[in-house]
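See below for the structure under consideration.
Just so it is clear, A, B, C, D, E and F label the chains in written order, and each chain counts residues from 1 on its own.
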Amino acid sequence: MDSGSIAWILTSASLVLLMTPAVAFFYGGMSRTKSVLNMMMMSFSAVGVVGLLWIVVGFGISAGTTTAGGLFGNPSGEWFMQGIFQNEDGLAVILAAFGGTFAIITVALISGSVADRMKFSAWVVFAAVWAVLVYAPISHWVWGGGLLSSDGIFKNFLTSPQDIAGGTVVHINAGIAGLVLALVLGVRKGFGKEPMRPHNLPFVMLGAALLWFGWFGFNAGSEWAADNFAAQIWINTLVAPSVAMLSWLLVEKIRDGKATSLGAASGVVAGLVAITPAALSVSPLGAIVVGFIAGVACAMAVGLKYKFGYDDSLDVVGVHLVGGLVGTLLIGFLSTDTSAYADPGLLYGGGWQLLGAQALAALIVIVYSGIMTAIIAYAIKFTIGLRVSEDVEVAGIDFAEHGETAYEEVR
Amino acid sequence: MKLVTAIIQPHRVDEVRAAIEAVGVKGVTVSEAAGYGRQKGHTEVYRGAEYTVDLVPKTRLEILVEDADAVAVTDAIVSAAQTGKIGDGKVWVVPVDDVARVRTGEHGADAL
Amino acid sequence: MDSGSIAWILTSASLVLLMTPAVAFFYGGMSRTKSVLNMMMMSFSAVGVVGLLWIVVGFGISAGTTTAGGLFGNPSGEWFMQGIFQNEDGLAVILAAFGGTFAIITVALISGSVADRMKFSAWVVFAAVWAVLVYAPISHWVWGGGLLSSDGIFKNFLTSPQDIAGGTVVHINAGIAGLVLALVLGVRKGFGKEPMRPHNLPFVMLGAALLWFGWFGFNAGSEWAADNFAAQIWINTLVAPSVAMLSWLLVEKIRDGKATSLGAASGVVAGLVAITPAALSVSPLGAIVVGFIAGVACAMAVGLKYKFGYDDSLDVVGVHLVGGLVGTLLIGFLSTDTSAYADPGLLYGGGWQLLGAQALAALIVIVYSGIMTAIIAYAIKFTIGLRVSEDVEVAGIDFAEHGETAYEEVR
Amino acid sequence: MDSGSIAWILTSASLVLLMTPAVAFFYGGMSRTKSVLNMMMMSFSAVGVVGLLWIVVGFGISAGTTTAGGLFGNPSGEWFMQGIFQNEDGLAVILAAFGGTFAIITVALISGSVADRMKFSAWVVFAAVWAVLVYAPISHWVWGGGLLSSDGIFKNFLTSPQDIAGGTVVHINAGIAGLVLALVLGVRKGFGKEPMRPHNLPFVMLGAALLWFGWFGFNAGSEWAADNFAAQIWINTLVAPSVAMLSWLLVEKIRDGKATSLGAASGVVAGLVAITPAALSVSPLGAIVVGFIAGVACAMAVGLKYKFGYDDSLDVVGVHLVGGLVGTLLIGFLSTDTSAYADPGLLYGGGWQLLGAQALAALIVIVYSGIMTAIIAYAIKFTIGLRVSEDVEVAGIDFAEHGETAYEEVR
Amino acid sequence: MKLVTAIIQPHRVDEVRAAIEAVGVKGVTVSEAAGYGRQKGHTEVYRGAEYTVDLVPKTRLEILVEDADAVAVTDAIVSAAQTGKIGDGKVWVVPVDDVARVRTGEHGADAL
Amino acid sequence: MKLVTAIIQPHRVDEVRAAIEAVGVKGVTVSEAAGYGRQKGHTEVYRGAEYTVDLVPKTRLEILVEDADAVAVTDAIVSAAQTGKIGDGKVWVVPVDDVARVRTGEHGADAL
């Protein structure tokens, strides 16, 4: 029994759980005063719904014996975690729970694209179905020995994709789902015309800070041991977001004349997203490059929604889809020969096959998640309905859906 | 009596208060507001979006004065609040039928 | 030296200490704008006063050699922790501190019932006396080999009560103390008539989130090792509050038509309270049942104060007393035959004796804590006085007692 | 491989990183509404800039082979942490990163003295240069076997100074730098006349709470192992700030008639600062004394700026310089004969030499840091300029420098 | 000159602003308020408690106009703010002795 | 019609509302303000600094009444808000040309 590694994963799982309320503050602070609580409740309810479903069935689909040619794991034997909880290997038990915290936050991340306008009941149903039908299988593909692992479609390929903590499973997945859900929902009243500035930037910074803190568990916990590789991941999880914060601010300073606090917070998250798949593959120097490119790319990408007219309200696409792709693809260039994978990228003497594997994995996740999200979203739209009325949207979704306003102002 | 209401730039409050005290004003009520007039429609860029900001934060001062003082107080406010830039604000004067001091129940000019 | 377990308890103790400021936000957000700081200061001062007294004498009473027939431990030899700090067993040293963090939060929890109206000096005195005379002995009874342990009154009984992390010691104890203190203080002006809604719901959610985060240390740290049982506790501490959040929201949705954010935050805490004693006894399926019942029971219980006319302002009774009882009693039904205690409840083939032991332990704590709290409260009332004047209460206790208001609004 | 210690330092490094956003809230809450974001951005940008530079060069200067007679370490071989990241000893790798989190927060602490008036670009440049030229060498002196270690000027002295977690390196260093920077910048408009009260005291308390939480990693992580000494440090890090909170409140109650929440938060930080160097040297009883004296001394010291006319806006001098000196010097009296250093202070049978060593180390840091800070500050002043215009200062630095205001109030 | 003050539902502000601009209004001052009138006393249930909420958030608009425009502006506000539900608000008109523009020091109608 | 404006201590709002309802007032608009008058210049000590606080938080009530009721309402406010301490507040009365109810478009006394 390696109690040190158990201690680290117990800690990491706690850290990752904290990330979902952190998302609630990151997104809640960016909302307008009239829809803060709804925004936060999407994250909180994700903990409730996905937390429950992971125990009931998600863990089995994600970690059960590979079935259907690698499409998902077989949950029988793990309903309600009946099997794992009696396991005497503490590491196995806590890792089962660790996986649940990833499922929860992935769902919560999506909510940023639907601010101000999605019915709360529709969100809860969406979260439940999406976690089981989209997240759980994809996590099986990458980490459960499924489709996208070295036992899956990459079996006879020269290499298999590297994704230590979820560039594909979490960020590209949530990013594309956010895009599709925003498209199905439609734009908010006033989108592109009204300012819709963050109502509370300190909350945004609080969210970013707690996310970063939790992300050390997210990334370095994904090593599943307290060892030198976990420490290397930790360093990369420090430096990449540091640099991404700076490069995002640089873009703003050059383009708009001013470096904003929203930019700093977003840059941190962009850097964290991009280093997520790459933290075990690259050196600290590589992490600096990943962070720099992520900061620049995401800072440019968040403006695209106005050009293309999709209302990705709080930039799930610009930060998570774009950042996830940056990190996933840069592994093809920057993976070092001394990395735990011993499969170097183009700049460290490797060939094109790693980049190919990374791109293919990203593509498959985009296609599957995109299509499934559309199906789920339309199914809800045509049954219980997806969107609140325009009156509610204008007057504020908080009071209409939750019977509350975030702050009581008249004393 | 008159009620002088001034809508000014928030960062001029200290200067204005000093100026009206200099002309003998003993009390004032302050509150927050926002507004636009000629300055309407300046453009801001934020996070890749460009949009028009029209409501700019302002401070409202309300000052009860005797009829004879209204002009002096108005002038004092105007010169203390002036920066010469658009958005400096407005001052207006409204007739008042009666004023009462809550503490004592006095009425009229005594209540100022 | 098991450095992994030391690492986990160092972490856990830090997590539990964070829970008291979390209570400050959970309660502070629920307060009205004029009494936020006083609410938060009750938690902060609890850290100061109880933190000091635990080192001086509390640890000795709680963990010293059993005296007076199991009523308390003998503090001689541990004044100022003189003995333990020279111990070379790191686990023993950090566990001594770990216990202090429990004493601190138990006291802080009580403060929710006295919002808006208790003199700060009276609170500080109450916190000090109560921690030493009520908390420290009861913790000795349950965890120090005293009255309610298998060496105490249950010695010749078929079984002894199960309470891994403090259903009785912390929650039932704080809950009944909150009730008694609220009764002695009397209701606030406007109680039951004015809305008195939370002034800042994001703060309530921040408090709930940090509480949950810290609770992983609270519960899984109480295993005193980084092992498979700690991991099992962790899973149960994830799923029970998840379900309790959902069941609380369900009650609201059915009863009031709307699921509130205050309900989500309260549901999380209710689930955490209920799973506290049971997390090592039940399976994940059992934790789901515990969470569900806790959410429903507490959501109903918070309305009782209006029926019975006690001003338990922020629902210490409805959440901690009721939730603590739910968890403590359900162990009698749901303790599994595979649990660490190997003493199953009614639904897992055991007999009535476990339920009996649970009920008896709860009852003894209620009686002792209730009576002692009343004595301390009246003693303060008739000496330095318990309550601020009505003027202060209406104008706001923050400015009168602390010379501050939470927010500076006029710039 | 001691995975338990690796787990603890992975956790500790994460905790210490969280402290810098905690500083952002501690200081941000104390600011006026118009300069919240700028205050917070000084901390956030410190993470970005110093995080990057630590990887690039700071770690080498701090931990490289001692050069120039102990003045700094030789960074060659550790540019971009090229060497350490391939190390197979996980503890060595994570400790390299752990040091970076100390550099970051030290820089962030300084920002409290320059609230409301420093150009953001000037701050970023200052942070970068100061971290490399001031922090990195001093950390080498104390912890890298340099000038102030037993291999440095104390080689032939009877003893060498004790500073487990940075009383000199972090707090005295940041405190004197804050003083000098405030002097070069000059006072704010209205200093000493306008109230300038904290705009959001709950944020101040949030900052203090997260600081305390993180400080367990800061202090107990500095033991570099999960053992009984780490546990002893943990206890002292609990009790000293508890007592300092109480003694600060006592001073306020006696002097001003009211115990404030700002006092409680500041007292906690003062106690944490003072116990930082001493946590491994003193017993819990000693920690109580350290905390008590720190609370009283700092509560008195924060008023000095009005007497002497330096605008140390948020009390970096009163809390960090004074608190750091209190802790550093009290070691000379309170270090126990049973401490890890086995070099007792005056009250435990030792002689004057320990006190002398402590005072000398403090003095050298004050002189070096003070002079270097002045040079850097003047260099910036006469090139890109240090201070915003008076118009900007009055209207609010947030909008002018960052294009944002903390809260959107008109909906 | 006249000062038209309107207390309206916060979510009607955009419509009202458009309407008054259409009748030639060049500036406005906006602030937050709360109030009750006929809508008084609706009941809410929250966390097991039932109580009466009487102060409902409103937005106050203040608009300085020339005498001749007061009626048109009032009518424009009434029709743009109207939802037909209780709580729609009030508009009132007060005589103004003088108005000054801070930026220029102009007085009277020129200052509008 | 008249507009009665009262600046009172925030903690007297409930009493004042009860008092004006007792004399027949049907609606009121409430907002936040701050101000000073005779109470000007009380000294506070905070964190080792002594300074003068002059702007004290107040609540503003605005009440539209028929001409005949103005005196009664003013008196009701004064007596309900009075604590006898400095800072109790001010009440003033301004003439109103017209009032409109937004919901119905009614004008004049019917609109109250």
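In the analysis below, a residue touches a chain if its C-beta (ideal position, glycine included) is under 8 Å from a C-beta of that chain, and two chains touch if they have at least 3 such contacts.
Remember, it's a predicted structure, so these values are computed and weren't measured experimentally.
If you compare A-E with A-B, the chain pair joined by more contacting C-beta pairs is A-B.
By residue number, over half of the touching pairs seen at B-D are also found at C-F, the match among C-F, A-B or C-E. Chain B and chain F have CA centres that are 18 Å apart.
With centres taken as mean Cα positions, chain F sits 50 Å from chain D. Chain C has its Cα centroid 52 Å from the Cα centroid of chain B. Touching of two or more other chains is recorded for residues 2-5, 7-8, 11, 197, 200, 206, 256, 260, 262, 403-404, 410-411 of chain D. Within chain E, the positions touching two or more other chains are listed as 10, 30-32, 34, 44, 46, 55, 94-95.
Chain contact summary for the complex, chain A toward chain D: residues 2-5, 7-8, 11, 15, 32-34, 197-202, 205-206, 208-210, 212-213, 216-217, 220, 225-232, 234-235, 238-239, 242-243, 245-246, 249, 256-262, 264-265, 267-268, 283-285, 288, 338. Those residues of chain C that touch chain E in the shared complex are 192-195, 197, 256, 260, 262-263, 300, 302-304, 306.
Chain contact summary for the complex, chain A toward chain C: residues 1-8, 10-11, 13-14, 17-18, 21-22, 24-25, 28, 36-37, 40-41, 44-45, 47-49, 51-52, 55-56, 80-82, 85-91, 93-94, 96-97, 100-101, 120, 200, 203, 206, 401-404, 406-408, 411. Within the complex, the chain F residues that touch chain B are 2, 6-8, 31-38, 40, 55, 58, 60, 70, 74, 77-79, 81-95. Per the touch definition, chain E reaches chain B in the complex via residues 1, 3, 26-32, 64, 94-103, 105, 111.
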